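Following this line, the structures themselves.
Both complexes shown next keep chain A, but they swap its partner, so chain B is in the first and chain C is in the second.
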Partner chain A sequence: MEYEISLATTMAISVLFALSLNLITGFCGQISLGHAAFLGVGAYASGMLAKAGVPFLLTLPLAMLLSGALGIVVGFASLRVRADFLAITTMGVGFLFVGIVRQQDALGGEMGISAIPDTGMSKLAFMLLAVAMAAAAGLLSTYVRRCWMGRVFAAIAEDEDTVRVMGIDVPRFKLTAFALGTALAGLAGGLYAQHLKFIAPDSFGFIESITVLSMVVVGGIGSVVGVSVSAAVLSVLPSWFQVIGDYKLLVYGGLLFLMMRFSPGGMAALVARIFHPDRWGSK
Partner chain B sequence: MSALLSVGAITVRFDGVTAISGASFEVKQGELLGLIGPNGAGKTTMLRVITGVVRQSSGTVLLEGRPLDGLPTHLRIRRGLALSQQIVRPFRDMSVIDNVALAAGADKTTSPVKALFRTGRERELKIGHQLLSRLGIERQANESPQIQPMGILKRLELARALALEPRLLLLDEPLAGLNSKEARLLADTITEINRSGTTIILIEHNLGEVLRVCSRLVVLDNGVKIADGEPEAVMNDATVRAAYLGTGAAAQSGGQHAAA
Partner chain C sequence: MLYVELIAQGLIQGSIYALIALGLTLVYGLLRILHVAHAAFFTLGGYVGVMVANQTGSLAAAIVAAMIVAGIGGILVFRLCYQPILHQPPFVPLIASIGLYIAAEELFRIVFGPSGLTYKYAFLQGQVIAFGSLRFKEAEIAVMLGSAAIIGVLSLLQTRTRIGVACQATVSDPQMAESFGISLRKVGDINFFVGSALAAFAGVMVSVLNNMVEPTMGSVPSYKALAIIVLGGLGSVRGTLVAALVLGVVESFGTIYLGHFLDRNAIAFAFLILVLMWRPQGLFARS
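== the complex of A and B ==
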């Protein structure tokens, strides 16, 4: 049972993390190839604070704040560059995060942080917390899609110049998407640090960013259910099949490519095409 | 009648090329002003200066006496401008009605926080349906823009601009790409929109329709304003005829209007 609980916790954290990227990339159309950096910011913030004696549950909102604040800073890049260039810029941010953390003795350098103090929760309670957070992120995503902010996001994702001539403050909406998405990634990071009790810079590098992007793309960019399912499934594959763990970048990068090539709408679009073949623009 | 928009001595330079030089004109409340000129005359650039997409090198733009200079595009729109773009750009992942409803919800999208706490859009859908039926494309409301012919898309573009309830509507070649019958019908619709109180600047190459519907013309050529006034008088002006047909052709064409 111990193993299943741990697996379920991993799945929940991955779903939360993937949904956080889905807010930015899926809803608002801003591609990010460095999203794992924000998972890292949250993980390091929560881990360090816990080691400093801050109660675990209090570290989570602090991790979200720090991650979201840095997210806004990176979001400013999205106001200057678009599409491919934004991908390259965010990729650079990802490398920058790993590069900086590696050099900081205060953050444990290459060795990372270990022996993060216990949360005081049972494994089961911690799993339930992670599942509840993932579910809350799912509900938030569903709500955002249905409110006016989501409608503006969808329009920005398609054609931001036209949104601008509709009198909408595009930069502020984009920054909001970055703030929300990166704060949720920070929350996922906090849970991640407490779940593993050990974090190192490499856990938040390029491979992790590609993994989470492939979860979003495979599930279906913008689809809350699709992304949740694909994140849950893809996150446990490496534990079941050793080979996937060994060739993570190859496997997830390959999946990313195949989906983009053959079903840009991801699994969600495939499913929709099977069940509603007459509907246009299933999304 | 007072000036709704006044464009004062606008000059625009791109890397040493002067696109507009010292052009001034006014648009009066309730007018349907035709902004015409040969290709490359600077008409679309002028529209972009008004909407703030292009910054002028010098000169000033006033809307109801208040300067727009320095304001970003979205704030100028909020002051009462709306633009129907030359190349139609509907949101293709949304239905026709959703496109219009998004514009109609302008007061719910002033800030992300406001937009986050607003979900309902009955009012916007109602406005959207009214506009679609006013423009005669109500039947396509729930369809995708992707399958619509150009005639419908041009009307959708117009409906979306009207949903912003503009005080000044900027139309950049709304008739381009339409056949003569469609163009005539849409020109009639534009006239009807103007009669019901919306001031309009119309950029259009279809001179036949421009002369039929506009109450006044401003003519640009090579970035310079060469004429301003009643359509008849402007079109009989020798400078205008020369700009359109070339000096030799103007002499040959006699009393004929420069056809579209």
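== the complex of A and C ==
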């Protein structure tokens, strides 16, 4: 049972993390290749605070706050550069985070921080907390998509210039998307740090950013259900099939490529195609 | 004296970057996709180079073989992977390309083993040429001269031959070029062939310089080459060359003066972000 609980916690954290990126990339169309940096900010904030004696549940909002604040800073970059330039800039942010953390002795440098104090919760309670957070993020996403803000997000993703011409304050909405998405990533990071009790800079590098992006893309960019399912499945795939462990990245890379090559809308589009074969290729 | 040495080291590193980034620029200029998987041809070049050199004992044969294999691979990637998804929004080919690159890197690791291969014969090793008080490895000189020669020949071909002019015309206005009877597919083939061959050449040179190839040798250059073509203003060949050399020098100074605070990659990307915030269209964009 211990193992299943741990697995379920991992799944919930991945779903939360993927949904956080989905807010930025899926809803608002701002591609990010450095999202793991915000998972890292949350994880380091929560881990360091917990080691300093702050109670665990209090570290989570603080981690969200710090991560969201940095997210707004990066969001400003999205006001300055677009599309391909933004992709490369966010990738740079990811490398910058890892590069800085690696050289700071206060943050444990290359070795990271270990022996993060216990939360005082049972494993089961911690899992339920993680699942509750993931579910809350799912509900929030569904709500955001339905409200006016979500419609503006979708419009920005579709055609930013038209939205601007219509007199809508595009920068404010973009920054909101970044703040929301990165704060949720920070929350996921806090849970991640407490779940593993050990964090190191390499856990938040480019591969992690790509992994979460692949979860979003494979699920179907913008689809809350699709992204949740794919994040849950992809996060435990390696531990379910021990054989694939060594080929994890090959499978990720291959999936990512094949999905984009044959079904750019992801699983959500694939499912829609199967149930509505008459709309084949209409997208 | 330290300054001159740092600049020289930066220029050597920069010319390697330039070779890799040039292919990326050719692809971006033509298709508007960020071809992350390009670095796979850098790694492929290194592996083919080592294997051919160990079989034949000739570095020249290794370079030629690596360039041809990578060039053909480039055409295949263009036809099979990119062409069918060109009409999709830009993030689709970008993510496909990242997936392709990750899968390729893993394939190298699985097929050739994680520890890499080394040269059986020593090429351009050991010998140090005194240049005033500056000292270089032979391989370093070869990298600089080789890059300069190849880039020179390429720019001659681009401006002096029919097909070179056709490529330039296609980059500046694909529709117009097509209506003048230029085949877009052929130009795409040529750009991918040349770009991948250049990356393979860089791969062989770097493998000679380090006397080894390993599956991950392409990962850092791949992301850095992206930073370089963005710095150079996406699609501008001259901008790419200058940006590559500038980045090489910035890195070699940065590691000395900022090394305790940022690692080498972080310096490169910090520089990139600073430049983009100042000039969002890159350093040398043609507006």
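Keep this in mind: the second predicted complex is superposed on the first by the 266 of 283 C-alpha atoms of A that agree within 3 Å, B and C clash if a C-alpha of one lies under 4 Å from a C-alpha of the other, contacts with A are read in each partner's own complex, and residues count from 1 in each chain.
As a working rule, contacts are C-beta pairs under 8 Å (C-beta built on N, C-alpha and C of every residue); 3 or more make two chains touch, one makes a residue touch a chain.
As the structure is a computational prediction, the values presented were derived from the model and not from experiment.
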{"item": "Simultaneous placement of chain C and chain B on chain A, clash or fit", "value": "fit"}
{"item": "Chain A residues touched by each partner, larger count belonging to chain B or chain C", "value": "C"}
{"item": "Partner chain(s) touched by A:173 [first = chain B, second = chain C, both, neither]", "value": "first"}
{"item": "Which superposed partner A:99 touches (first chain B, second chain C, both, neither)", "value": "second"}
{"item": "Inter-chain angle, chain B to chain C through the CA centre of chain A, in degrees rounded to a multiple of 10", "value": "80"}
{"item": "Which superposed partner A:165 touches (first chain B, second chain C, both, neither)", "value": "first"}
{"item": "First, second, both or neither for A:154, with chain B first and chain C second", "value": "first"}
{"item": "Which of chain B and chain C A:198 touches, first, second, both or neither", "value": "neither"}
{"item": "Smallest separation of CA atoms, chain C relative to chain B, angstrom", "value": "10"}
{"item": "Contacts on chain A seen with chain B and repeated with chain C across the two complexes", "value": "none"}
{"item": "Chain C contact footprint on chain A (complex, rising order)", "value": "25, 31, 77, 80-81, 83-85, 87-89, 91-93, 95-96, 98-100, 102-103, 206-207, 210, 213-214, 217, 246-247, 249-250, 252-261, 264"}
{"item": "Residues of chain A that touch chain B when the two form their complex", "value": "143-144, 146-149, 151-152, 154-155, 158-159, 161-162, 164-170, 172-173, 176, 280-281, 283"}
{"item": "Contact footprint of chain A on chain B as seen in their complex", "value": "51, 53, 72-75, 77-78, 82-83, 85, 89, 91-94, 98, 102-103, 105-106, 108-112, 114-119, 121, 143-144, 146-147, 160, 164"}
{"item": "List of chain C residues in touch with chain A within their complex", "value": "32, 34, 81, 84-85, 88-96, 98-107, 110, 223, 226-227, 230, 234, 260-270, 272-273, 276-277, 280, 282"}
